[in-house]
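Structures for review follow.
Okay, so subunit A shows up in both of these, paired with subunit B first and subunit C after.
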Partner chain A sequence: MPTTPILYLKDVVKRFDDFTALDNINLEIFEGEFLTIVGPSGSGKTTLIRLMVGMDEPTEGTIWLRNERIDQTPANKRPTCMVFQSLALFPHRSVGQNIEFPLKIKGVSPKVRSKRALELLELLHLPKSFYNKRISQCSGGEQQRIALARALAFDPEIIFFDEPLSALDYRLRKTLEKELVDLHERTGKTFVYITHSLEEAMVMSDRIAIMNSGKFEQIDVAEVIYSKPVSRFVASFMGEVNMFDFKCDSKGDIKIDGVEIRSSVLTKDKQKKYSKKAKGTLMVRPEFVRFNKAKETNDFQIRGYLRAEYELGSRIQYEVDTLDDSRVIIEKLREDRFKGKLGATVVIGWDIKHTHFIPND
Partner chain B sequence: MRSSRKTVYFLNAYGVLVIVFLYLPLVSVFFASISKTRYLTFPIRRYATHWYLRAVQSPTVSDLVETSLKIAIIVTVISMLVGFFGALAYARYHWKYRNAFQKIIILPIFFPQAVLGLALLIWFNSIGLIPSWKTAVVAHLVWIAPISTLIIAIRAYSFDPALEEAARDLGASTWTIMREITVPLLIPGVISAGLFSFLLSWGNFPLSLFTTGADSTLPEWLYAKMVSGYSPLVPSVGFISIGSSIILLVIAYIAKKLVASVAK
Partner chain C sequence: MERLDNKLGTLTSLPMVLLLAVSFLAPLVVVAVFSIMPPKVFSIMNVPDFSAYADFFQQGYYKSLLWSVAMAFISTVILFLICWPLAFGMAKVFGKFTLVLTIAVAMTLIVSENIRLFGWVLTLMKGGLIDGYLRTWWGLRLEGVLYNGPIIVFGLIYVYFPFMLFPLAQGIAMIPEDARQAAEDLGASPFRILWEIDLPLASPGIVVGSLLSFVLAAGALAESKLLGGQAIIVFTDEVETAFTYGQNWPLGSALAMILILIIGILAFFSISKIDLDSMMGRRR
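What follows is the complex of A and B.
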C-alpha cells in the first residue's frame, strides 16, 4: 500500500445550527490509493466529501493537502475535483465542450483542448463521434464516462466520487465498477469514493472507511473490516451476520445463552484476552456456520429447526430458529446445498477460528 | 394514453368551445372596426376600411403608441434584469430571509390593480413626484417585476444546482460560472419573462389610469373613447394593438428557438 498522505483531515467538525454532521473526523488519504467511504444515509459522508472538495468549510479542525492547509480554500482554487451523484453535466454544451470545460477555464488553446478531449474519449472507451453529441443523446452509462472524462481533463490530484453509480442498473454498475478500478490503475490518481453500497466498496477499494453518525467506525482493508469488525454496527453493515451476546463468568469462561461451547475452546480462549465478568458480542458470518451430521461436533453448537430457505443465486440462505427464539442465518454454496425439510430439527455449529469477538466498550 | 372514441369527441368539442369562448370577442371587435357607420350596430350593414387608414395616420394615435411603447420597453428591460437576479435569490441561493422574500414578492400580483394604482398615486404625491409616463413605469414594475421574477425562477428551479457547483469545482470563478452556466441556462426563461412583461405593460389599463398623470397610454385612450366619442377608430386601433402583440409573440418564439439551437 502507498504510504505518503496526500490529504489529511485533523479534528474536523461540521455543525449545521444545532446538528453535528461531522464529529471529530481524523483521516489520512494516501497518494494513489482507492479509498471508499461507506455509510448509511445521513451518516455524514456527503458533508465530508463537500468539505474535502471545498464546497463547504469545516466548523472546526483543519484539512491539509500535502503540506498546505486548504480548509478555507474555495473549490475552484483546489487541485481536486468531484464526480457528482447527478453527474452535473452541462446540458447546454456538447460532450466535447463538457470534457474541455476545465481546460477552457485554464486558458488552454482550442486545438490542444479538442486533442485532449478526444484522447479522454478513447481512454473511457467512447467513440470519437461522441465529441459533437448532445448530453441528452447519451445513455446513463455514457454520461457516467463523460463525467469521468471531464474530471480527468481537469487533471486533479484527487478525484472524489459522490455515489455516481447509484442511479444505474445492476449490470451497468458492475461493469463500471470494474472500469473504475482499471482506470484507477492506469491513471495512478488518488480516488476517494463515497457510497452506501458495501458491495461497490468491496469490489473497488484499497481501503474502506465505515462511517456512522458523523464518525468513522473503522478504516481498514476490506478483508479486515469484513472478518474483524470493531463494532456491532460495522459487523451488521458489512453484510449478513450472526451475533450473540456473551459474558464471562467469574473464572473468565465465556457463556452464551443457548449455545453449547466445547471446553477445549474455553481453555484455549482463556489464555487470550478475556477478563472476568467481561461482556461483548460473538460474531460469525453465515458462510461459516455448518449443518452438523450425526456425531459431528463444533466448537460452538446450537439446536434449532430449519425455518426458511431462500435462493440468492450463487448461494442459498437458510434461517434456523433456535430453541430460545433467536435466529441464525446460514449460507451455503449451491454445491453444498443442505437437504433438510423445513421444520426439521437441526444441529448447527461453527469453529473458533471463524469466530470474532467484539468486546463492549 | 389511448383515448376512447367518446373521449376524443369530448376533447374535440371542448377544444372548439375554448377557442370560441376566447376568440369570438376578438372577431366581433374586428367586425366593429370595419363598419362604415360611426355607431356600434350589429349586424353590420356597410363595410369600410378607412378607419384603419385613419388609425395609422392619426398623430394622436402615434403619440399614444409612442408613450405605451416607451413604458413597455423600459418596463421590459428593467423587469428582465430585476427578474434575473430576483430569480437567483428566489430559487438558487439559500439565505436567511429567502422564505420571507418568496412570499413578499408574490403579494403585489394579488393586489387588485386599481387599488394598487391608487395607492401608488397617493405615494407618488406624498413624496412630491408629478405623475407622468415615468411614474407609470414604476407602477407597472411593481406589478410586473414579480411576475417576471417568478417566470425566471421556475426556469431556475428546473436545473440542477450541482451544475454551478461542478463548474466551480472545475476551476471556474463566480463570473465565469455566471457567463458559462447560469446565464445560458436561464436565457429561455428571461426571454419568456421579457415577453410577458412587454405584453402586460402594453395592455395595462388600471395602473396606467392612476399613474400616468397628463400622459396617456393606448389602453387609457381606448377606454376614454369608448366612454365618450366612440367611432370605429377605437376597435381599429384595438385590433392593430392585438395584431402587433401576436407578431411580437411569433418573433419571440422564433428568437427562443434560435437561442436554444445556438446554445446547443
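What follows is the complex of A and C.
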C-alpha cells in the first residue's frame, strides 16, 4: 500500500440546519488506490463526495490535497473531477466536443484537443467514428464511457464516481465494473467510487469504506470487511449473515441461548480474551454452516427444521428455523445440495474458525 | 387500428383547419393582391403593377422601416440583457417567489397597453407627476424626457417585457443543473458556464423571447405615437397613414407586405434553428 495520502479529510462535519449529515469524518485516500465508499441511501456518502469535489463546503474540519488545504476552494479550481450519477453529458455538444470540453476550458489548441479525444475514445474501446456523433445517439453504456473519457481528458489527480453505473442493466454493469478496474490499472489514477451496491464495491476496490448515518463504520480491504466486520451493521450490510447474541459467564466462557457449544471450543478459541460478563455478537456466514449427518459434530450446533429453500443460481439458500424461533441461513454450492425435505428436522453446525466475535461497545 | 385513428383524426380536424386557414390566409391574400395594384384604386380588378413597391424606395419609406427595425432591435437586445438575470432567478433561484413575480408581471397584461402608456405620459410629461413634485419640493424641472427616440425604446421595453421574460425563464428552466455542475467541476469559470452551457441550452427560450419581442416591437405603433409624440415616424405609422389619410390602399398593402416578408423570413429562419418541441415539454 502506498504511504502518503493524496487526499486527507480531518474531523469533517457537515450540518444542514439541525441535521448532521456528516459526523466527524476522518479519511485518508492514498495515491493510485481504488477506494469505494459504500453505504445505504441517506448515509451521507453523496454529501461526502460533494465536499471532496468542491460543490459544498464542510461546516467544520479541513480537507487537504497533498499538502494544500482545499476545503474552501471552489470545484472549478480543484484538480479533481467527478463522473455524475446522471453522467451530466452536454446534450448540445457532440461526443468529441464533450470529451474535449475540459481541454477547451484550459485553452488547448483544437488540433491537440481532437488528437487527445481520439486517443481517449480508443482507450475506452469506442470507435473513432463516435467523435462526431450526438450524445442522444449513444446507448447507456457508450454514454458511460464518454463521461469517463471526459473526466480523463481533464487529467485530474483524483476521479470521483457518484454511482454512475446504477442506471444500467445487470450485464452491462458487470462489464463496465471490470473495465473500470482495468482502466484504473492502466491509468494509475486515484479512483474514489461511491455506491450502495456491495457487489460493485467488492469487485472493484482496493479498499472499502462502509458508511452509516454520517460516520465510517469500517475502512479496510474487502476480505477483512467481509470476514471480520467491526459491527453488526457492517456484518449485515456485507451480505447474508447469521448473528447470535452471546454472554460470558463468570468463568469467561461463552454462552448462547439455544446453541450447543462443545466445551473444547473454548480452549481452541485463540481470541478468548473476553472478560467475565462480557456481551457481544457471534457471527457466521451462511456458506460456513453445515447440515450435519448422523454422528457428525461441530463446535457449535443447533437443532431446527428446514423451513425453505431458494435458488440463487450458483448457490442454493436454505432457511432453518430453530426450536427457540430464531432463523439460520445456510448457503450451499449446487453440487453440495442438501437433499432434506421441507419441514424435516435437521441438525446444523459450524466451527469456531469460521466465526467472528463482535464485542458490544 | 392506429392508422384508422390517424385518418379519423385528420378528417375530424379538417373543418376547423379549413376555417382557420381561410380566416388567417384570406386577409393576407387580399393585402398581397392589393399591393400589386396601381396607386389609389379600391378594387383588385385592375392591371397589376409594382408602382407601390417602387414608392417604398422612391418616397423614402425605407427610412421609417429602418427606424422601426433599429428600435425593435435595440429594445430586444436591452430586454434580453435585463430579463436574463431575472429569468435565471425565476427558473433556478427564487423558488416560491417566482410565482409572485410571475403574477405581478402577468398582471400588467390585464390593463390595455395604451392606458399604461398614457400612465407613463402623465408621469413623465412637463407638469406631470414627477415634474410636478420636483418643482414643488426642490424647484427643479424635468423636461425633454418625452417625444424622442430613447423614450420610444423605453416604451417598447416596458410593454414587451413579459414576452421576453417568460420564454427566457422557460428556456433557462430547461438547462439541466448537473450539466452546469459538471462544467464547473471540469474547470469552467462562471462566465464560461454561461457561454458554453447556459446560453446554448437555453437557446430555444432565447430565440422565442427575442422573436416575440422583435416582431411585436417592429410592428408597434402606440409607443411612438404616445410617448414619442411622432418625433420618429415608425413604419406601421406609414402603413396606417397610407390606408387612412392617404387613401392609398395599394401603397399601404405594399408597405405591409414588406414588413410581413421581413418578419416572416426572420421567424422561419429562427424557428428552424431551434427545437420547439423540447420547449413544449415533448421529449426528443
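Assume the second predicted complex is superposed on the first by the 357 of 361 C-alpha atoms of A that agree within 3 Å, B and C clash if a C-alpha of one lies under 4 Å from a C-alpha of the other, contacts with A are read in each partner's own complex, and residues count from 1 in each chain.
Note that in this section contacts are C-beta pairs under 8 Å (C-beta built on N, C-alpha and C of every residue); 3 or more make two chains touch, one makes a residue touch a chain.
Because the structure is predicted, anything quoted here is derived from the model rather than measured.
Colleague: Putting subunit B and subunit C on the same copy of subunit A, do they fit or clash?
Modeller: On the shared subunit A, the partners clash.
Colleague: For A:343, select first, second, both or neither according to whether it touches subunit B, subunit C, the two together, or no partner.
Modeller: neither
Colleague: Given the touch rule stated above, what does A:313 touch, subunit B (first), subunit C (second), both, or neither?
Modeller: In the superposed model, A:313 contacts neither subunit B nor subunit C.
Colleague: Tell me which partner A:107 touches in the superposition: subunit B (first), subunit C (second), both or neither.
Modeller: Neither: A:107 stays clear of subunit B and subunit C.
Colleague: Could you say whether A:92 touches subunit B, subunit C, both of them, or neither, answering first, second, both or neither?
Modeller: Both partners, subunit B and subunit C.
Colleague: After the superposition on A, what does A:134 contact: first (subunit B), second (subunit C), both or neither?
Modeller: first
Colleague: Is A:154 touching anything from subunit B or subunit C once the two structures are fitted on A? First, second, both or neither.
Modeller: both
Colleague: So subunit A touches subunit B in one structure and subunit C in the other; where do those two contact lists coincide?
Modeller: 53-55, 74-76, 81-82, 84, 86, 88, 90-92, 101-102, 105-106, 150-151, 154
Colleague: In the complex, go through subunit A and note every residue touching subunit C.
Modeller: Going by the criterion above, the answer is residues 53-55, 74-77, 81-82, 84, 86, 88-92, 101-102, 104-106, 136, 150-151, 154.
Colleague: With touch defined as at the start, can you tell me which subunit C residues reach subunit A in the complex?
Modeller: Going by the criterion above, the answer is residues 176, 178-179, 181-189, 192, 196-197, 200-201, 284.
Colleague: Mind listing the subunit B positions that touch subunit A in their complex?
Modeller: 159-160, 162-163, 165-173, 176, 180-181, 184-185, 263-264
Colleague: Can you name the residues of subunit A that touch subunit B in the complex?
Modeller: Touching subunit B from subunit A are residues 53-55, 74-76, 81-82, 84-86, 88, 90-92, 94, 101-102, 105-106, 134, 150-151, 154.
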